[in-house]
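Labels for the chains are A, B, C, D, E and F, by order of writing; each one numbers its residues from 1.
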Amino acid sequence: MTAARLTHVDDRGAARMVDVSAKDVTVRTATATGMLRVVPEVVALLRGQGLPKGDALAVARVAGIMGAKRTPDLVPLCHPIAISGVTVELDVRDDGVVIMATVRTADRTGVEMEALTAVAVAGLTLHDMVKAVDPAAELTGVRVIAKTGGRSGDWHADPPPDAGSAE
Amino acid sequence: MTAARLTHVDDRGAARMVDVSAKDVTVRTATATGMLRVVPEVVALLRGQGLPKGDALAVARVAGIMGAKRTPDLVPLCHPIAISGVTVELDVRDDGVVIMATVRTADRTGVEMEALTAVAVAGLTLHDMVKAVDPAAELTGVRVIAKTGGRSGDWHADPPPDAGSAE
Amino acid sequence: MTAARLTHVDDRGAARMVDVSAKDVTVRTATATGMLRVVPEVVALLRGQGLPKGDALAVARVAGIMGAKRTPDLVPLCHPIAISGVTVELDVRDDGVVIMATVRTADRTGVEMEALTAVAVAGLTLHDMVKAVDPAAELTGVRVIAKTGGRSGDWHADPPPDAGSAE
Amino acid sequence: MTAARLTHVDDRGAARMVDVSAKDVTVRTATATGMLRVVPEVVALLRGQGLPKGDALAVARVAGIMGAKRTPDLVPLCHPIAISGVTVELDVRDDGVVIMATVRTADRTGVEMEALTAVAVAGLTLHDMVKAVDPAAELTGVRVIAKTGGRSGDWHADPPPDAGSAE
Amino acid sequence: MTAARLTHVDDRGAARMVDVSAKDVTVRTATATGMLRVVPEVVALLRGQGLPKGDALAVARVAGIMGAKRTPDLVPLCHPIAISGVTVELDVRDDGVVIMATVRTADRTGVEMEALTAVAVAGLTLHDMVKAVDPAAELTGVRVIAKTGGRSGDWHADPPPDAGSAE
Amino acid sequence: MTAARLTHVDDRGAARMVDVSAKDVTVRTATATGMLRVVPEVVALLRGQGLPKGDALAVARVAGIMGAKRTPDLVPLCHPIAISGVTVELDVRDDGVVIMATVRTADRTGVEMEALTAVAVAGLTLHDMVKAVDPAAELTGVRVIAKTGGRSGDWHADPPPDAGSAE
């Protein structure tokens, strides 16, 4: 554990935004996933059985994309970053909705936090829309599954992610 | 399932912000919880073993409180609300950090989304600070455990939450 | 013209946010409309002829709703207001998309600006999505067509609005 | 119409922020225009006849400049962009105020949306200041009139814009 | 010092947003002041000697008003509040610009922070506009000079403020 | 005074965001300082005498870092900038808290305003936390003390700053 430390605090423990001005501008990507577990009744509603499912999934997708852009407003020590692309995919399964977000940039630092924020905000937005039917809905498994680019190179979660065929 | 529907979409499926102007201004609270699972090395760093733990937990707590205030900016169909109090508690355990947020208001609608957003943003902020050591950290179990006030009355998750003694 | 003046500037011409603390908290509504004029090719795409129209209208609707909430951040002398409901309707016609937004509040001042902002932001969002096909798309006729509540009472545009049957 | 499609939705219709990481960083500009039509009484007030016109036009100009910076917060699928310059010109005419905004950047995508947003927000701000005198004021003709730079090259509206000699 | 404590941290030192849901909705005001000290050359420019002073003071005034609305976004433990009126006055003197802001609300907590933020943001904005001429400009004396309303009653700074006749 | 002018207004006095697209992307830094003067009772509380000082300084530090990122939202004519690092240091002295912020970027314009905003927001945040004990606390001496990089080269305040050994 000798080398390990929390990079966002200095020797005295003070929080800081770490300087990245000397890092290269390169293309970087990150993919994060998560799941909102809901009761079958909600799954049926999201699948449009009996009633128009309408905008529900689109609202969550848009919220996730916009959430990625708000990351530096939300996460105090994150750098403002020039996001160059975001996709948010939603896969309605029998026990919930799997969310997968991929963010791209050409900048000096990675976009893991942007991808995680997109997943979290899409999940919160789904929660908001289903909470009248399922107040116990649970957002779970929010994590990075892969990233590419930057000095630390490519990384993927182990075991390899099985995020299925998202919508 | 006859009565169940997604309240945030109208008969044709169009998203909308539901009108609450006729609801009473009453005191309402909501408590949400969640956990960031991390490797033991991170737990040791957050407990300040060997190095000053410093501001890490305070940063996450502040981010959660500020996140609660940003809820209507993030969740598209949420009402802007007069939040009147927020607490965010963090409990460092052997396998991660338990996050618990309570939000109070005196307004026309509940604050479940504000409490959930506080938990999610505090969790994302912790993730940001530990990701260099534990890139596979996972935010999990983000859910409402209790709410009070409003027309629908008090509600708590079943089984009763065991969120332990948060910091 | 004796009584007429710009209420947002004082006797010396200095901008100010007019004090409304003495006004009553009452239910107020405002409806605004506008239209994005586009070429027939865009109309066909928005109607989903040949390709999935997908999320396009939902994205604009969500943007309009969120835009209403951002009004006091955008319009300098607007009061922050407790919006209690927003609907944004989109009607795809042969020569463009008619946008109609209704905003409700229970507060001390009216919501005309919130309704107008919802229309403008929904229109800008549509413009963004169609500009590769129709760079000359034009947002036009953005105006208030009706308002209710408040000391000045109900008002509607003359001649009565003919906004048709929006989607 | 074979090639035409809405670039902001994928093959299945899902909204996305299109990836621009492979595009070049080049200088790009866009100019947009629009007009707030108002009654003669408002024109007289804005020209300062009898009373100090004061800050009204300056407030609208500042709001437009700030609005350009808020574009990615408002328009869901817009990229955050490094705006490098903004001008907003206001020309008080006998039947209203012509608004013209020019935005410059050195980035990977164009700034048409930023210029349009500047015009729309300046127009909304003027509307807010005159609505007590002219509740039927109308924002109209919001469109791009010219853009330069980028892969698609220079473009200007046809017929050539006649925006007159703005203030 | 027995009773004194920092109200924004709990018994264990954790930051929190203090609950105000039990406080009354009453009219409250706060006035704050401050000064940007600048070199005489800047004073001459702001007075418009030789060149049009133009929008400079209006820009600062608008920025201060908008800054008051952003207070809960900036100051982590501040409550979001329904601001009902803001004035920002600027008085160009021989050694700088005196800034005075008054904020009103009808809400559950005071508006000292909103008044202070208005002064600080107006001062920063002036600094931005004069920094090419006077890089050593200094914002000083930012403090509350009076407040009214609320349980703690009226308060004014001692000795009584002498903010002069602001513009 | 022949050459001196306010760069943020054009020949007619209209505010504008000055075009920087032709400036080079270089590493630039700025350091600003300021002080919140408080009564000895507050100093004792911040030093944790008798009670846990807790998160107070960390909250101010985080607020300052986040404030730096909000600069273009607050200061109307500031460019949005890719901040690449921020530190905020707080030094509790017998008569107040000295705040020192350093901001780094690799962009086309300097970061003086970001450093000043970090100091101001940290100072406002401290003020918020101590105002129940010391309503007359005063933020003073907010100024730039050094900057490096860019066409105008390095600059430091004269006499050299004596900001002491901040926490």
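Everything that follows uses one rule, which is that a residue touches a chain if its C-beta (ideal position, glycine included) is under 8 Å from a C-beta of that chain, and two chains touch if they have at least 3 such contacts.
The structure displayed is predicted, hence computed values, not measured ones.
Participant: Where the contacts of subunit C and subunit D overlap, which chains show up?
Facilitator: A, E
Participant: Looking at subunit D with subunit E, do both copies bring the same residues to the contact (over half shared) or different ones?
Facilitator: same
Participant: Average the CA atoms of each chain to get its centre, and name the chain whose centre is farthest from that of subunit D.
Facilitator: Centroid comparison gives B as the farthest chain from subunit D.
Participant: What's the chain with its C-alpha centre farthest out from subunit A?
Facilitator: So the farthest one, by centre of C-alpha atoms, is E.
Participant: Centre to centre, by mean C-alpha position, how many angstrom separate subunit C and subunit F?
Facilitator: Measuring from centre to centre gives 38 Å for this pair.
Participant: Calculate how many whole Å lie between the centre of subunit B and the centre of subunit E, each centre taken as the average of the chain's C-alpha atoms.
Facilitator: 32
Participant: Rounded to a whole Å, what is the gap between the Cα centroids of subunit A and subunit B?
Facilitator: Whole-Å distance between the two chain centres: 16.
Participant: Among the residues of subunit C, pick out those that touch two or more other chains and give their numbers.
Facilitator: Only 10, 12, 14-15, 54-55, 58-59, 61-63, 66, 70, 73, 76-77, 80-82 qualify.
Participant: Could you please write down every pair of chains that are in touch?
Facilitator: In this structure, the chains touch in these pairs: A-B, A-C, A-D, A-F, B-C, B-E, B-F, C-D, C-E, D-E, D-F, E-F.
Participant: Would you tell me which residues of subunit A are touching subunit F in their complex?
Facilitator: 10, 12, 14-22, 72-73, 76-77, 79-82, 107-108
Participant: For the complex, which residues does subunit A have touching subunit C?
Facilitator: Listed in rising order, the residues are 54-55, 58-59, 61-63, 66.
Participant: Touching residues of subunit C toward subunit D in the complex: what are they?
Facilitator: 1, 4-15, 34, 41, 44-46, 50-56, 58-59, 62-63, 66-67, 70, 73-78, 112-113, 116-117, 120-121, 123-125, 127-133, 135-144, 147, 155, 157-158
Participant: Which part of subunit E faces subunit C closely enough to touch in the complex?
Facilitator: 27, 58, 61-62, 65-66, 68-70, 80-89, 104-106, 167
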